[in-house]
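In this document, chain identifiers A, B, C, D and E correspond to the written order of the chains, with residue numbering beginning at 1 in each.
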Amino acid sequence: MILLFLILVPLLSGILSFSVKGSAAKTLALISSMITLGLSAYVSATNYKEAIVFSCEWIPMLGTQFSLVADGMSSMLCLLTGIVSLVVFLTNLDKDTEAPGSFNGFMLLSQAGLMGVFLATDALVFYVFWELALIPVYFLCSRWGGEKRIPVTFKFFVYTFVGSLMLLAGLIYLSLQTPGTVSYAWADIVAAGNALPATTQQGLFWLIFIAFAIKMPIFPFHTWQPDAYEQSPTPVTIILSALMVKMGLYAVLRWLLPVLPMGVALWSNFVVILSVIGIVYASCIAIVQTDIKRLVAYSSIAHMGLMSAAAFSANAIGMHGIMVQMFNHGINITGMWLIVSMIENRWGTRDMTKMGGMASVAPRMAIALVIISLANIALPLTNGFVGEFMLFNGLFAGDHSAPQIGIMVLAGLGIILGAVYTLNMIQKTAYGNTTEMVISKDLSVNEYAGLAIIIAVILYLGVYPKPLLDLTAGMIGG
Amino acid sequence: MDIYDKLFWLLSAITVGCALGVILSRNPVNSVLFLVMTFMCISGHYILMNAQFLWIVNLIVYAGAIMVLFLFVIMLMNLNSDVEPQKGQLVQLAGVISGGVLFLVLLAAVKTAVPVGIDKQSLDIGLIENLGKTLFKDYVLPFEISSVLFLSAMIGAVVIGKKDDSAITNETVQ
Amino acid sequence: MKAIIATTVFGIVMMFTGILVNNKRSVAAIAAVLFAVLLGINFFDLAAASPNATDTLVFNKMLRIEHYSVWFNTVMTGCTLLYVLLMSKEIQRVGSHVAEYFALIFFILCGLYILATYNNLLMMFIGIEILSIPQYVLAGSDRKNLKSAEASLKYFLMGSFTTGILLMGIALLFGAARSFNVMEIAAMLHTDALNPLALAGILFIMLAFAFKVSAAPMHTWTPDVYDGSPTPFTAYMSTVVKAGAFFAFLRLFQVSFNGISEHWTLILAIITAATLLVGNVTAVFQQSVKRMLAYSSIAQAGFMLFAVLAVNKFAWQGIIIYAMAYSVATIGLFSVLVKLKDFTYDGFNGLARTEPLLAFTASIFLFSLAGIPLTGGFMAKYYVLLAVVQQGHLMWLVIFALLMAAISIYYYFRVIIAMYFKPGTPEIASPVTAGDRTLLIITCALVILLGVAPQLFLNRI
Amino acid sequence: MAGVAAGKRGFYMPVNSTHYLFLSLLLFSIGIMGTLMRRNAIIIFMCIELMLNSVNLLLVAFSKIFGDANAQLFVFFIMVVAAAEVAVGLAIIVMMYRKVHSVDINILNRLKH
Amino acid sequence: MANVVYLVPLFPLIGFLINGIFWKKMPKSLGGAIGTVAILASFIVSLGVFFEVKSASFHGPLTVTLFDFISTGNIHIPFAFQVDALSSLFLLIITGVGTLIHLYSTSYMHDDEGMVKYFAYLNLFVFSMLLLVLGANYLIMFIGWEGVGLCSYLLIGFWFKNRDYTNAAKKAFVMNRIGDLGFLVGMLLVLFNFGTLTYLDFFGKLGDASLIIPKSTYNWIALCFFIGATGKSAQIPLYTWLPDAMAGPTPVSALIHAATMVTAGIYMIARSGALYSLTPSILHIIAVVGLLTAILAATIAIRQYDIKKVLAYSTVSQLGFMFLALGVGAYTTAVFHVMTHAFFKALLFLGSGSVIHAMGGEQDIRNMGGLGKHMRVTQATFFVGCLAIAGIPGLSGFFSKDEILAATFAHSTLLYALALIAAMMTAFYMFRLYVLTFNGKFRGTEEQHHHLHESPAAMTIPLVILAILSIVGGYVGLPSVISEHNTFATYLSPVVHNFSHHHLSHGTEWGLMGLSVTVVIIMIAIAYAVHSKPKFKESTGIAKLLENKWYMDEIYDALIVKPIEGISNALDKFVDRHGIDGIVNGVGKTVRWGGDRLRMLQTGQVGTYIFIMVMGIVVLFTISFFWIK
């Protein structure tokens, strides 16, 4: 039942929020997200050894059940969703959002969708939530976004929608292959997928993979992302980059790798190559960005590239690393976007060449920026390091043939280039002489609180990652 | 080749000739007359096949009533060859070619059709009495339902045909 | 069977009402009541037919009343009732012959009932004609408008042409199968030695149906006729009527040609692909929402063809649920459309601010048409996809269809973009009353209910 | 051929079904050609009637070959429907003529794209 | 005492946290005091640890595990410290020199508004450095390794308003990162092949025949670690960041860029001695790289005019010597040089800081001269430092450097000859620096001249202490010709010992010593002669080349930085926006275009429509009857 509440609380409060005006809507969202965080924390704390299950009838004749399972990975991601949502609503408290009721309503609805995606253990339920998380984001970006919001959001929506439709086709096919009649239960889908011949698995692999690849996004399916991030309002960007892209990775781990082992085995090298190319490619592009949002967007692509590369390297430590890194990257990128939005607010521009001197005028912000950036480039004793170390472990654990070494070198280049663009950003925004600011004030109380949560998590998990590792340890066989 | 064969070929030739006349003659009135001729030839075929009822009906309903209706309408509109617009040569050629190709394709498609056998020979199936019995016994439902069709047609004539005084506009007042 | 008689009688009643009652509103009210009664009668029929009951053959095997057809009739009558309620005011504004319009709608329903239950090609033919002739009339019913007349004439000419095609198909088929009885035909046709006459006949019939359901290459009339016809009748023609044709299509191909599906599946698949392509791609460029909906109806027809392609049990349920979801959403959308003066996309600009309810319900209908989950449209699409995926060998078509569905997002969402994200004040043609709102909410609820709890219907079909 | 046997008892089936099939298809094609070639709505309609008649001919031929009355009844119903169609069709054409004083289908192009 | 070794890094951490959190409100002097006391406390604990390790009762390395850091599958990496001779020695160097430099900084940085922040960074640095040397496995070392890089970055860019300084900071960090990647890869290779990162386990498994690990893997691991070391310890090709790092406050240069951080590479290789002993080819590479660095940096130092740059290149050069020592297998000697170098180089940097302080920020030695008259203590201590680094007998540098030269001679005569040249250059440029700075006439402005003064006690006391250490520091490791009992080597022997097959006779050793002392004294004399009456003119030819550091920065810029920027720009502008996104948008455009074309079919003409239908019928019939079969 508690799992159902995880979805229902944001869903109902989201619907309610549409009819609430002004600051009451903000309070409602905050309270709702606190409750959700509490629930997800409870779920995470209680299911160390045994997964929590919820199930009820939905459309029995289509073989689908409304069943939710919170195992380590799911509850970890729910926890992430909870934290990120709370921080987003917290930092958004003093922002002037047009029609906050609708805004928060959509935000909460997308949160509900995300929870559903992470918890669903029935393929059709999963698909429904997968789409459902997207629609509110579409409205959020289109209504509250930047100048070019409508075409950009539209492209993003259509792009991801194409992917999801492919996914649907794949899932339908799989559901028909299940033993007995049609079934969408995870276990049945896995059994059906495993039983298929290799050629069929390959076809299905591409159908399903493209959906996830677009969502993550993996090079070269990424071009919707920088534009979408650039044009979205910050809270939405956070939802997109911290949570939505995790949907893709989560889906790979849950609905692709176990389901089509032969298809994956045949194509994993290809995907790994794509991913590492993506790392270097996105990092290079990030280096020359002057728009701070685009920079962070490309950095996110690079990070996701590393995660997907590790995901397809089929290695237990790598898998564990991905789960850790999903959480960590979610936290870090949230912090990153928060800072970026504060910078944008204060300087009134996203052009980094027109910024500077934050360390003098807003030192707290600068400190937060530095800490979060360092977590972003995986400096030890920040949470980013633990995950990336394990990811690299996963990548390096294969054979050491020449192509494999090439992959490692490329992935490694990402570390160096990552430092370059991140430090560039710090230098251009925080250092140098003060340039003109629109609002010259350091962090406000709620921003401070939001960033404090982020930084606390960054440092805590950087020094003592054991809780996170333990939570997800059950997910890797043996 | 006996008389029936000869009649068949003769009728067929006239039928096709008249049909071509329908589509080729410039004057609509001629077209109508050619069509009446075509129908009559087809009726001739019906006689050859001993379909007496249809022979009569075809003559009365088609060649008689319907075609006269057409003729009336054409006369009413005062259409003659002078005002009859013609399509461009190219379009007409395209029409002929595509029609011809269609015919060839159909011909090629069904030319291998196995001649269907005959297991019972009833010579008088086409007589009015036999058909009438079947019609009112087995086909009573379609017969009745056809009335709905005519009701619709009647309403249609009312809705469409009734003189309407309001001015014709080109706006979208849908 | 009762429903067929009732709808005929009601049609005649409406004709007399036209003579006796002068007030348009009273006529409309009587019609609404009669439609409600008709729905009741359908339910009565439905109660008699259970999934396990054997089929009833009546009138020298002219009709075969079975479970699916009764369900289909009921659902379509329900949609018609919804349509009449939502569009009543608009129908009254079309012209002076309001009673006749309703009578024609009753007759169309009669044709639809026949098409849902025919067991003989003759009945199918007559049913199609009963379905079509009132449409020719309705298309031309707006006497003030030249476009309406043009639509009517175009529809009529092409429709008659197709009648010729259909009849040639039936004749050729008869030459091979020696029967007009649908079930006997099935027994006469064999995959191994298929008479070319039969194949030619099937192709002709298929193409004729393609015309009726506006599938490529026989779709060309659709945009013009839908665009030119009075909007309320477009709404009906593009939904219930089309669904009726589809059901007849499915029925014939499921019952008669099921055994020889390998001979025609590929052709139908090509038709499906072409329909999806033409419908979706052409809709992208439209400026008028009404015309866009015409193309969208071509595109949706492509999806409904999936049900025909899939020769299995899912197909029956699929076509019913698709017809329902599609009809309800489209009728709803048209009922929003008719409230506006300007049918172009720009006419929708800013609707969300002035009429939030209209905008919201329109969005839900558009979601449904686009196939977003938790709307009826998703379940419908899902169902027909399921049906065809189960066939196994048409995955390429499924993927193609899904890509096309993605394109459909473009033109459906343009309306949403106009309503929600563009500034402007739309001109409202007729005031939105509380009744309208209630009906829209009910329609909307129906769309969502169909998407969230489809088993309420599926369990019974 | 079967026709020879029948001939002794009176009416005789000339040639065979294939001939009627071909004749019917030819008439059908001529009808289609006509619809493609002409601009006059009435002539087009007439060509369509020609198509219907070709079908009738074919059905009667089949009826004769199979000794099956159903086909002839089908023809009867085709005629019934055709009559109804003509009623509506001519009404529409007349309505059109009243509005634009022409029955040229080429001027019907307000609706396009 | 060794059991509570975690106190050593804990104190600086506490200092960092206090200063870091309250940096805005804390009074400057309190911040300085907290920082200094924290390190002093560490130093005291370190002393305790050192003596415990030194005592006979100490058996083998002691591991202090704090908690489980990364634990997944069968990999367990604890957060653990290892106390042994090597780490305890480094503890002493770090905290000892660290305390002095903190003390010095309290005065040096007193006028800077960011002083508390400065001490926070400095404490964080010491904490990281202590983690580096204390870690019981490579991962903990790596944490410190990257941590010191970070602090170095923060401190180089301490005056963040200056773009050049922050550029230098960025350069340092990125260069370090390149090396760090090598370290990381090496670590991953170890983990993959041996399943552990803990030193004791790893070294224990090194010779294990049951593990089927090819020889090449050892080489790769060793090479990767060495790449890490070249980054941190500024060796070719990753040395260019160190001279630029002089942008930071001078005490930082003394602590980080001379005494401690840059020696991390030597520590790491010495720590992994057991591994390197198995990979002679890599050791050879190390020796060559070290020697080349020593020579290259020395040549550049000869023609530099910035007082700190000279010292910086000298540091690079000295680090090269240390790597040379490592390369020839003289691990202990390398560590010995680390220690002596820490003393005299910290001394020299602090001395230069004192000079800069007196000159009001001026760093160009062309504008100095004759400062000895005004700042006696600085002059004297600086002179001691110069003597020590030049290798004058009796001072610490002599013993350590001579040991390196001897070990090199034993290895290869050619290397020895080159090393000797480097040593000669060292003597020359150091005394060039000394003479130009302290002797002769003052060449600066009148205002500067007026301002000249000796630095306060807080600065001079560390100078004096370091000078003393620079003199006596060498006596713990007397060469075998003088004393058979090398205290230093004995102390380190449980962990590190020299790995050399050649033993020199006493006669040879004496000869080598004599030779090196002779040439060094000659070079000093030349330096005095050339620079007592300096004339500065536009340099030409090779001198210009040297003055411009062999144009190394420009070469790197042209070969690496510019191409990457160019490629990135091309990727951004052309590939991403027009290429990939172009394709994506192109699909949309194609659909729209297709829509426009298909729309044209809809002519509104019934004739066309029927024509389309007929063609459709023809096509479908053709497909159905003549194509499928």
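We take it that a contact is a pair of C-beta atoms (placed from the backbone, for glycine too) under 8 Å apart; a residue touches a chain by one contact, two chains touch by 3 or more.
From a predicted model like this one, the values you see are computed outputs, not experimental measurements.
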Distance in touch steps, counted as few as possible, from chain A out to chain B: 2
Chain D and chain A - chains in contact with each: C, E
Chain nearest the overall Cα centroid: A
Chain whose average C-alpha position is farthest from chain D's own: E
Chain pair, B-C or C-E, that carries the greater number of C-beta contacts: B-C
Intercentroid distance (Cα basis), chain D paired with chain C, Å: 28
Centre-of-Cα separation between chain D and chain B, whole angstrom: 4
Geometric centre distance via CA averages, chain C-chain A, whole Å: 42
Chain D-chain E separation of Cα centroids, rounded to whole Å: 97
Residues within chain B bordering two or more other chains: 87, 91, 94-95, 98-99, 102, 106, 109-111, 113, 116, 138-139, 142, 146, 149, 152-153, 156, 160, 168, 170
Touching two or more other chains - residues of chain A: 158
Sites on chain C at which at least two other chains make contact: 122, 126, 129, 133, 136-137, 140, 143, 146-147, 152, 154, 157, 161, 172, 175, 178, 196-197, 199-200, 223-224, 285-286, 410
All touching chain pairs, where touch follows the definition stated at the start: A-C, A-E, B-C, B-D, B-E, C-D, C-E, D-E
Of chain B, residues touching chain E in the complex: 87, 91, 94-95, 98-99, 101-102, 105-106, 108-109
Residues of chain C that touch chain B when the two form their complex: 4, 8, 11-12, 15, 58-60, 62-63, 95, 97, 100-101, 103-104, 107, 110-111, 114, 120, 122-123, 126, 129-130, 133-134, 136-137, 140-148, 152, 172, 175-176, 178, 195-197, 199-200, 229-231, 290, 343
Residues on chain A engaged by chain E in the complex (per definition of touch): 155, 158-159, 220, 222-224, 281, 284-285, 287-289, 316-317, 320-321, 357, 359-360, 363, 374, 379-381, 385-386, 389-390, 392-393, 396-397, 408, 412, 415-416, 419-420, 423-424, 427, 430-433, 464-466, 469, 473, 476, 478
Chain C contact footprint on chain B (complex, rising order): 106, 109-114, 116, 137-142, 145-146, 148-149, 151-153, 155-156, 158-160, 162, 164, 166-174
Residues of chain E defined as touching chain A within the complex: 24, 67-73, 75, 139, 142-143, 145-147, 150, 153, 157, 160-161, 163, 166-167, 169-170, 173-174, 177-178, 180-181, 184-185, 188-189, 191-192, 564-565, 567-569, 571-572, 575-576, 580-581, 584-585, 588
